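In the two complexes below, subunit A is the common chain; its partner is subunit B in one and subunit C in the other.
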Partner chain A sequence: MKKRYYIVLLRVLAPVLAIVLSALMSSIVILAIGKSPLQVFYTMFKFSLSRLDSVAIMLYNATPLIFSGLAVSIGFRMGLFNIGVEGQYLIGAFLAALAGFSIKGLPAVIHLPLVILCGALGGMMWSFIPIFLKVKRGVHEVISTIMLNYISYSLIHYLIADVFIDKSQKLIQGLGSILSRTPKLSPSAMMPKLHGFLGLFGLQLPRHVYLNWFFPLGILTAALVYYLLMYTPFGFELRAVGQNREAARTVGIEPERVYVIGFLLSGALAGLVGLSDLLSYFGYMDMDFPRNYGFDGIAVALIAQNHPLGIIFSAILFGFLKRGAEGIQTLMGVPREMVSILQALMIMSIVVIAKLMNDYIKRLEKKEEMMVCSSENSSPPA
Partner chain B sequence: MFFGELLASSLRMAVPILLTALGAVFTERAGVVNIGLEGMMIVGSFWGALGAYYYGPYFGLLLAMAAGMFMALIHAINTVTFRVDQVVSGVAINILAYGSTRFLSLAIFNMATTSPHVSGLPKINIPVLSGIEFLKPLVTDVSPVIILALVLVPISSFVINRTVFGLRLRSVGENPLAADTLGINVFKMKYAGVLLSGILSGLSGAYLALEHTGMYVEGMTQGEGFIALAAMIFGNWEPKGALWASLLFGFSEALSFRVVEGGVVPYQFIKMIPYVLTLLVLTGVVKKSTGPAASGVPYERGLK
Partner chain C sequence: MDKAVVLRGITKRFPGIVANDRIDLEVEKGEIHAIVGENGAGKSTLMKILAGIYQPDEGEIYIFGKKEKITSPGRAIELKIGMVHQHFMLVDRFTVLENIILGAEKRLGIALDEKKCRKAVEELLSLYNFSLNLDARVEEISVGQAQRVEILKVLYRGADILVLDEPTAVLAPQEVKELFNNLRRLKGEGKTIIFISHKLDEVLEIADRITVLRRGRVEGTVLPSRVTKEDLARMMVGKPVMMKLDKEPVNAGDVLLSIEDLVVKESSGKPIVNGVSLKIRGGEIYGIAGIEGNGQKELAEAIIGLREASSGRITACGRDITGLSIKEIRDLGVAFIPEDRHRQGLVLPMKVWENMMLGYHTKKEFLKGKSLNLKAIRRFTKNKVEEYGVRLSSIEQPIEGLSGGNQQKVILGRELSREPKVIVASQPTRGLDVGAAEFVHRELLKMRKKGRAILLISADLEEVLSIADRVGVMYNGKITAEFRPEEVTPEDIGVYMLGGDVKAGEGK
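On to the complex of A and B.
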């Protein structure tokens, strides 16, 4: 029994070790450009955590990553790798924007949920192509989703710059042409900020913070995904397929069906990734719409070891890193890409450490089994 | 004349895909999936430009290959020594490549996305053939790297199919346990395959920066590392097959430039062509071709 706690402790310790290890390795890069690693990390902490608005920005940064981490983790749980979250959230965000600016006159209670639904639908549509190709034609989902990411970049560019460009914009002085962006979303489609709610507790957030209700919604979604995975028949099937596809087949689970439903679910979550930015900060979609949330989601999911509740914490960790990156760039002149390097090193460290620990735990369990067996054999006959 | 130019342009477009696809053949035949080829091309393009900027094109090529090999070494340590998921490690390599090149570009050139202009290798005119009018665009002002890439196809084919090294490499990818019992050093062969893929992808990145564009530009690889993987699959895990597949992709890109000039189709759709083609190729071909049996499966001694 004592061993059980030990194993749980090891599982929790793995991400912590990975974070420390990758921080140490990235120190080499910092030293290479002649800065002090200690000072860089100290600046990151101080810049992110010393002020209330900074903490709120950190949580705002974490919001899309909760959704993308969840989307990626559902794929991992069933043994598939959804690298396509990147394209899925762009398509989802575009469809949401379309519903936001083309429909007018609806009350917010109907319009906003409709817009969110459109986002999920867009992500789902874009995730249908790779899973269909996988199940029907055996195309590996990694390459097909990467290709679809590139296709989505061009498609979004076309839709924004050529089809749905906002022609009502006023020309800015000194600029020859109008900006490539969609029309502004109607106010009924926008997500309210958390300022009013937090104000009830005496926390006053300044106007330049865009923390909104998508953050609590993300936490709620993580809890729902946790429930789905752990306490529903479908969640059980999904995990069974991820553990051993052929074994699942022999007990009557159809892996192809699980793949399709699971991947569409992953795509639907991916469709929500961009909405926090779209419906609170931007209010329209343009060529500068944030990229890379899909790839960040891979790191978020891996650090959390694909645990839905762990994803909340690892998303906040990456939100912190992003905020800290702005700090070290402005205050110390260290390029913020430092954090990309840190992120890559974290992915590598966590998979290596998790692998080593799993091997170790397996050995522990085997030893325990052997001890039980031998003690049974040696016990004197009654 | 038009047709000759189209062919020449196809060849120029095909070379980076071909070099990386050859690398992909080596690593996959050794049983290691390498999604990080794209990242290795990225570091190749950056370090190639960096080396060429300070010490000339030859040094640039060498530095690019070394940088590609270094990334491959990380991938090999992750996947062969620590036996972690090969796709995850490859994705991490890509992120590391993206982050580190941006970081270094800012630190060294003070620009995040481009390097200053760099000069490439001296161009070659192939003597006898350049007299023929029809072939003129194909054989004049040819980059030596193009010739190197084409020469590497039969060499790779020979190495993989006719040498002891190649036999061992293939046996490790097909059945590592059997190879191990025959006394082949499985880990050494896998390292060799992965490192070769890094060297070739680095060279391919350097070709893009030095020979094709004349500078490093962020995102200049445009997913060609992934397309090369598709070319390798389409080419049935054989260097010669990879050549034809790369030429097909190169041709589609070259053709798309001509279509853009026509102005009929919006250019965003033209940009999609290589990626849509990759999807189509994989959809049509995957069920027919089979890769090395143990590709993607980490080898653990004493398993079972």
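On to the complex of A and C.
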């Protein structure tokens, strides 16, 4: 029985080991650009963790990644690769923005949830196309979601620049042209920041921090996804389909049904990815609306090995790296690409270490079973 | 005269297990020496050591009196040891001749000297009296012929010691006879044969001496004339084994499963089940014998709804189930034990208790509100584990860590504990050792006594004949003959397995 705890410990240890290994490897890269790895890492930690505003920014950075990590992980769990989170969150964010600027006069308690719902709906709509194509026509979801990402880029571009462009923008007399952006969202659609709440505990966040209620909402969502996966019949079906589709089908589970529901759920979560930025920082959608959260979500999910609660931590880790990158860039003149390299190394080492670790754990379990069997066998025959 | 093979104190350890524990073995030149033992007794490991695939941790090997180290499969061939694997290693699209010479071609400069190769192989054919068409493609020949190709491959490479790993597992009785004739012929020409098997009748028939392995050790070497099948089984298992199952007479009840004119087509449109009709009553086991690939698997899958019937009707428990979903069919009381445990029966990385509820996870007793009642599921699993004697360290462990027999017990526990009325069991004892197979048979007979209708599909004729009430032979998508087991011999059935009157061993 003791061994079981050992195995659990090894599982938790795997990502930690991967982080250490990737740090070691990136040290080599840091040395190559003539800096001291120790100093770089020290600066990163100090800058990110010793200041209240940095910690808050780190969590703000992590917020969209929690949602996109969860969205990707649900796909992975049922054996599908949702690369389309990227497009799904842009469509979701746009639909949320639309509900935010076109509806006026609603109280915030109704308007904000409505806007969030629209975000989820947008993501869901965009994820329906690839899963419909997959289940009905056998189109591989990787291909269709990648292509839909490009379509979403152009579609958003068109909607913002041509259809919904804010014509009420004031120009300085005869100078320049108006910005390509949507009208501003009603204040009732905006997500309150966490400043007031944290103030109750004596934590005063500065104004340049945009940490908002989407962060706790993300944690809550992760917990809900965890519950769904581990404690509900549907979650069980989803995992069963993901790990052995044929066996699931043989015992009466319809993989296609699981795929559709699971993918729509993944899309709905993806639709929430951009909302933290939209509803607290931007307040409108423009051409500079952040991209790549969908792809980062893949890395976040991989590092967490698709564990919903692990995703919270790996998202925060990415938030930390992003904030730390700002630190080493301004304080030490290290290019922020350095951090991209670190992230890439981390993903590679997690994949390798997770594989090694799992093999090792399997061997342990085999051994354990042998011991159980042989101890039973060696009792004298009745 | 020097002995062909002498092993002294061969020990091979794997993490957590001693696969071969101080094995001593002497094989005379020109004898057929059988090695028997249950799955996991260490037969395969020992053979892989002889073939140069594994290196022993301890011990010495003498080949024709000289101490040797068999460091690689290539070295084994140099020492004139040829391995005939259980799973054929042939290139389907090459001809028989090409397969035989592949990797050991005779050359003319840099070109292949086909004439010389063909002559050499033809000489072998006539020397050992093998019948084979050298220009047939391997994909067109029968299993028995493919095996002869494998044997010729090692002979062509000059082997004097042939190691055959479970050679009869895939053969029909007639093909087994043919194989045995070939082996006797080889022996007559002075070849030494090491024959691995767990089929005791065959071993007693063909071997000059028999060495029994049990749990990595040599239990003893015996002469077939001095022992009975029961003796061998006892040596293998370590305790007396009931060779005859007590099959009580049961009064057959109502027809619970009836199939009328069932046709199932492959995706190419070719019918793979082609007009099968049968009726099974409660308390009856209907066995289907046949060489694999004649539509048995598809028949089973059509019954439980995994495959669409393109015509015909399936009725279970009085209801037409043709076209119903798998879930609906299962809910009506049809249980399925699939032939491929790992692919269809279990989700290997999942825990034992998760596998135990698979397919039944929406049953009321496993739910609490809309969530899973993990407590109830674990309790149920613990009960079943105890009832069926599943050996495991914890029900939390992934099921892939369990042995094949224990995995099958979990499937039985899951499928049989819900009082199904119809049971479709496809190759339920494949890959299981004697003890576990006996357990499966007893469970099926228990279900028979309880009045269930059971369809048993098996490639193991002995199994079908020992527990079925009626036996149908499936060939080419049809049931070509039906018998009561007491009125036929395996040879009779074998004729139909090969497609009727086709000459033994040449069935195609």
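Definition applied: the second predicted complex is superposed on the first by the 377 of 382 C-alpha atoms of A that agree within 3 Å, B and C clash if a C-alpha of one lies under 4 Å from a C-alpha of the other, contacts with A are read in each partner's own complex, and residues count from 1 in each chain.
The definition used in the following text is that contacts are C-beta pairs under 8 Å (C-beta built on N, C-alpha and C of every residue); 3 or more make two chains touch, one makes a residue touch a chain.
Remember, predicted model here, so these are calculated numbers, not experimental data.
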Report task. In the superposition on subunit A, see if there is space for subunit B and subunit C together, and answer fit or clash. Result -> fit
Query raised in the report: Given the touch rule stated above, what does A:Gly138 touch, subunit B (first), subunit C (second), both, or neither?
Result: first
Query - Three-chain overlay, vertex subunit A: subunit B-subunit C angle, C-alpha, nearest 10 degrees - result: 70
Report task. Could you say whether A:Val16 touches subunit B, subunit C, both of them, or neither, answering first, second, both or neither? Result -> neither
Report task. Quick one: classify A:Met348 as touching subunit B (first), subunit C (second), both or neither. Result -> first
Query raised in the report: Now for A:Ile253: first (subunit B), second (subunit C), both, or neither, which partner does it touch?
Result: second
Report task. Name the contact category of A:Ser154: first (subunit B only), second (subunit C only), both, or neither. Result -> first
Report task. Would you check which partner chain A:Pro335 touches, where first means subunit B only, second means subunit C only, and both and neither mean what they say? Result -> first
Requested in this report: Check whether A:Val29 is in contact with subunit B, with subunit C, with both or with neither, and answer first, second, both or neither.
Outcome: first
Report task. With both complexes overlaid on chain A, what's the closest CA-to-CA approach of subunit B to subunit C, in Å? Result -> 6
Query - subunit B to subunit A touching residues, read off their complex - result: 35, 74, 78, 82-85, 87-89, 91-93, 95-96, 98-100, 102-103, 106-107, 112, 222-223, 226, 229-230, 266, 268-269, 271-272, 275-276, 278-279, 282-283, 286-287
Query raised in the report: Which residues, counting only subunit A, touch subunit C once they are in their complex?
Result: 1, 4, 227, 231-233, 236-237, 239-240, 243-244, 246-254, 362-363, 365-373, 376-377, 381
Report summary line: Contacts from subunit A onto subunit B in the complex sit at residues 29, 33, 81, 83, 133, 137-140, 142-144, 146-148, 150-151, 154-155, 157-158, 161-162, 295, 298-299, 302, 335, 337-341, 343-345, 347-348, 351-352, 355-356
Report summary line: Counting only contacts in the complex, subunit C reaches subunit A at residues 15-17, 215, 238-239, 304, 306, 325-327, 329-331, 336, 338, 343-350, 354, 357-362, 367, 370-372, 374, 391-394, 396-398, 400-403
